[in-house]
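I've put the structures underneath this note.
Note that chain A is present in both complexes that follow, paired respectively with chain B and with chain C.
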Partner chain A sequence: MTRALAFEVLRYLILVTAIAVALVPILWMASMAFKPIPEWQATGAALTWIPKAPTLDNFRYIFGTNSNELIATLDRTAVKPILASFLAAGLGTVIAMTAGTSAAYGLSRFGSGSNLPLALVQLRLFPPMAVMTPVMIMWAFLNFTDTWWGLALVYGIVTLPFAFWLMKTFFDDMPKEIEEAALVEGCSRARVFWRITLPMMRAPLASAALFVFILNWSDYLIALLLTTREWVTIPVYMASLSSSMTGQLYGAKAALGLIAAVPPVVLGVLIQKHLVRGLTFGALKQ
Partner chain B sequence: MSTIHLQQLVKRFGPFTALKTMDLTIADGEFVALLGPSGCGKSTTMNMIAGMERPSEGRILFDGRDMAGVPMGRRGVGFVFQNYAIFTHLTVGQNLAYGLRATRRPVDEVNRRVSAMADLLQLTTMLDRPSAGLSVNILQRVAIGRSAVMEPSIFLLDEPLSNVDAAFRTVMRTELKALQRQFRQTMVYVTHDQLEAMTMADRIAVMDHGVLQQVGTPLEIYNDPDNLFVARFIGSPGMNLLQGQPVETATGLALDLGPLGQTPPLSAPQVAALRQAKADVVYGFRPELVALVPEGQGMAMPITFVERIGARTILHLGQGSASAKVVLENDAGLQTGQILHFAPLAHAVRLFEAASGIALKGA
Partner chain C sequence: MKDDGAKLGFRLTLPAQVLVLFISVFPLLMQLYISLTDWSPLAGTSWTQAWAMWNTFANYIDLIYDHRLWSALGRTALVIGVCVPVEFLLGLGLATLFMDDFPGKRAAYSILIMPMMVVPAVAGYMFFMLFQSGGPINDILSNLIGHPITVAWLSDPNLALLAVMVADIWQWTPLMFLILLAGLAGVPEDQIRAATLLGAGPVQRFVTIVLPRMKTIIGIALAIRVIECFKIFDTLFIMTGGGPGVATETISVYIYKIATQDLIWGYVAAIALAILIVLSIACVWALKRMART
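For the complex of A and B:
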């Protein structure tokens, strides 16, 4: 009995520690976003867990509607970086999913051997940073630097292998009889793909797209290298939030971080049904 | 109106030959079952008829027209898969209407044919239900309906009943046969279940290891197997097969089965065939066609196991390497260890050449 109790205590202790490690930074950020300057200042004199005087000043500050005598006015607001992140991550996801899904379908249905799929996945093992210097030169030559579409193109290329591999495993799992049944009834290949395969693949498509979007959304290094001023994304903009007087603007960063967390969470909740269900071809028994 | 001719059909997958030179003619409106164990080439044959796979050699003709190069959507065949292949994102009604819509039939015709098919298969109440999550029995009905609604002149079914439950299988056997009678399609039915083949097919093509073993009506196949494989495979239990040597007896030529005793004398045509063959033979008889005889007559074998299956009793007999089965009425008062004295009925005896396995059919 006592031994069982000790075991239970230990179990919960481990669980609480693990949850704390995961949750405390997020809660800390959420709390920080609503703190007035003295409560997050680097001096830490009046450090609090929960804001004593909750305020929206941090949000007002990054959107340029409030400036504090302590910190200088920002030279730009968070509006454009948020827009840049949406455009670059969004178009990047569209590129990766379109190319990845087509390639995955082709190789899954008509490909032979595993060399090509493996080669594509190996691109994923290759750190994107290794090729960023040539990409920067090419992009500069093409006048793509500091544009959201230039960034989106790189995002699309970098996440393509990931999208490809996810979709390939999903297509491989889909029984070919379903397509053959439609083919034998007189459908063309293209119609089978659009009317049967893709609709049946809604759940996998949604989860793959979410994963790709999150990868693109949270990128910092590529955006840092390819954007300079006009189209910096949220992570790059966040890094620039500092002042000579107070150092890092933790409150403003937390407020921006909170905003940045919203799209993946909202998308995740929206497609939660698909994420949880994953692939269930209820009608099929192999 | 569709006859199917398979001419010198061969299918190889790399070094593996799945189908060795098959010739088969299926008449218009005929129900032919391709029967055989797993891996015998029956599904491969079916896939080639449907156009999903290309023959390595030989030709497939529909009504005399060569089908090489005709894509499966243009062959006018209906295909039902073992695992239903239901479009789970559509409702039952949309599934049934799928082929008609894909070929752009007028809306009122689509509705009319779908509701007629739903009536026939008792799916009317389910037309608006999403097809995901329906029971396997219903799904297979939907799959059959989705193909049948196209009224294909050739209907191909690849083990359609092997995933559904036993009770439903019995119902579907009758329904499929009724469906075929109504539409008069040429039907090819792949199965490993001889009961399905026996009850539904006009003719059965028995296959093994990529070789067509025998084609015939269910009774021909059951009564007069062409070779040892068919003899063993058809019937439940299969035919008893015992090695024997010819021996002259007072009542005529018989076979000496060693310790099992001697067989009753053979019939005149069998004697003639046996004299011609001059080889070791295998003595075959159906377990059901056996009479019990007094001790000292016929064959004697100890009972090793008594299997009571309700309607009948199956006795397993064994002596040395020889084994046989005898089917008797359900209240046969016999027990393991007893010696059974029995003789096959005269008309039930079949002889096979031991080396080649080919039946010795009397003139």
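For the complex of A and C:
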């Protein structure tokens, strides 16, 4: 009995430590986002853990309202980078999901494209940096450089493996009786896919799409290489934020980081039960 | 009826096939061509004219003697060698705590997987702030030790890589935890109960029943992390930019630098192709081994 109790105490001790470690970096950024400039850095005095004079100035600043003379007003606000992130990640998700879902159905039901599973895993294996220079040359040639649609096309290809594998496991799991019944009734196979299978798979489709969106939203390297000014995404814009007067714009960056962190965390909770399946290419179901 | 299905199957897989070809074949041929020349985007000619700067295998010979490349590869191997085992052990340890029910389990689970949901570049920025010499990590350490510590983690060549590894471990231990927990849940409970009745202790149960059943899952989890860790860029680049000097320059950072600063794309193509070939061989070898067992 005492051993069981000791185990419970130990478990909670470890858990509390782990939770603290997981949360402190996130909370530090959240706290920084609401700090006024004097509290950004420890200047001789002790560190400010919780903002003493919480303010929304950092958020106002990145959206173009500067109420402080210590830092110069931004010539470009965070509005367009946020829009760029949404558009590129959104269209990238549409591309990956369209190609991935249809290919997954083709393989799952008709055995077409049996080379795809391995080809797509291989695509995932290579460091993006190693294949990006030819893409940069092609994109410059096609005038896709520094556009959200050019970025989205690369995102769509990069996340295609995840969309394909997720949807393939969902289609494999789906009972085939309903489709067969519709075929007997005289529906064409294409009609069965469009009118019966896809509407039935609405929930898995949504989960896979959210998963792919999170991956696209999280990119930094590809946007760094393919966008230069007009359509930089949030992480690229964030890295460029600094001021000649105060150096690092800690609070402003933290505010932007918080905005960037919110969608994946919220969407991640929604698709929690499919996370393992998605991240292991369907090798593992929860 | 059969033909109808094959035709539709072909049409359905076509877009994915086109995208895969588009991103693999054309860039690959382009890389192969450029890698045999001295071409650079600054050359003033289009890449199609690169043959004018033909140098046969000079780029490939260069990379054999490129110390910066080899030390970047070594550093990447070090990051993999430290981060992946630590993430695995921490993740496995945490997962075992979640094997039975306890109050607050769902909430603890949701919080523990949060770090991996954070955008890697943002995570990099978080740790950039945490590791400042006047930052929270030094503050916590000072309080623990009792006298003030002002280590400049990110500008010390010996400590910067450690800081980068801490950030990686923070972000990706949750992934190990998540996968291994799903694996643990798949171990049949009656077998564990039977072993308990036969008098097996918790450690014995874990080693003889749980671990053998998790072999494949452990393999998958490790493979995923090794592959992703090999590509490490975002967090690291935001934290240190590969510096100070080349102290945290991993392979992706090295290629990024010579591609965007030195602009020697012929050489970049040679390195990229060499990596692709080695990785492909390793991949085929690993798959063959997996197929055998």
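What we mean here is this: the second predicted complex is superposed on the first by the 247 of 286 C-alpha atoms of A that agree within 3 Å, B and C clash if a C-alpha of one lies under 4 Å from a C-alpha of the other, contacts with A are read in each partner's own complex, and residues count from 1 in each chain.
The definition used in the following text is that a residue touches a chain if its C-beta (ideal position, glycine included) is under 8 Å from a C-beta of that chain, and two chains touch if they have at least 3 such contacts.
None of these values were measured; they are calculated from a predicted model.
Chemist: So, A:Arg191: does it touch chain B (first), chain C (second), both, or neither?
Modeler: The answer is first: A:Arg191 touches chain B but not chain C.
Chemist: By the touch definition at the top of the document, which applies to A:Ala181: first (chain B), second (chain C), both, or neither?
Modeler: First partner only.
Chemist: Now for A:Gly100: first (chain B), second (chain C), both, or neither, which partner does it touch?
Modeler: Second partner only.
Chemist: Look at the residues of chain A and decide whether chain B or chain C touches more of them.
Modeler: Of the two chains, more chain A residues are contacted by C.
Chemist: A:Ala4 in the overlay: touching chain B, chain C, both, or neither? Say first, second, both or neither.
Modeler: neither
Chemist: Which residues of chain A are in contact with chain B in one complex and with chain C in the other?
Modeler: Touching chain B in the first complex and chain C in the second, residues 188, 283-286 of chain A appear in both lists.
Chemist: Within their complex, state which residues of chain C touch chain A.
Modeler: Against chain A, chain C makes touches at 4-6, 8-13, 15-17, 19-20, 22-24, 26-28, 30-31, 34, 41, 47, 93-94, 97, 102, 108, 110-115, 117-123, 125-127, 129-130, 132, 134-136, 139, 170, 174-175, 178-179, 182-183, 185, 216-217, 220-221, 224, 227, 230-231, 233-234, 237-238, 251-252, 255-256, 259-260, 265, 268-269, 271-272, 275-276, 279-280, 283.
Chemist: How about chain A: which of its residues touch chain B in the complex?
Modeler: Touching chain B from chain A are residues 175, 177-178, 180-188, 191, 196, 199-200, 202, 281-286.
Chemist: How about chain B: which of its residues touch chain A in the complex?
Modeler: Per the touch definition, chain B meets chain A at residues 50-52, 71-75, 77-79, 81, 83-89, 98-99, 102-103, 131-134, 136, 139, 143, 146-147, 150, 163.
Chemist: For chain A, which residues are in contact with chain C within the complex?
Modeler: For chain A paired with chain C, touching residues are 8, 11, 14-15, 18-19, 21-26, 28-29, 32, 41-43, 46-47, 49, 95, 98-100, 102-103, 105-107, 109-113, 116, 119-120, 122-135, 137-138, 156-157, 160, 164, 188-190, 193, 214, 217-218, 220-221, 225, 234-235, 238-239, 250, 253-254, 257, 260-261, 264-265, 268-269, 272, 275-276, 279-280, 283-286.
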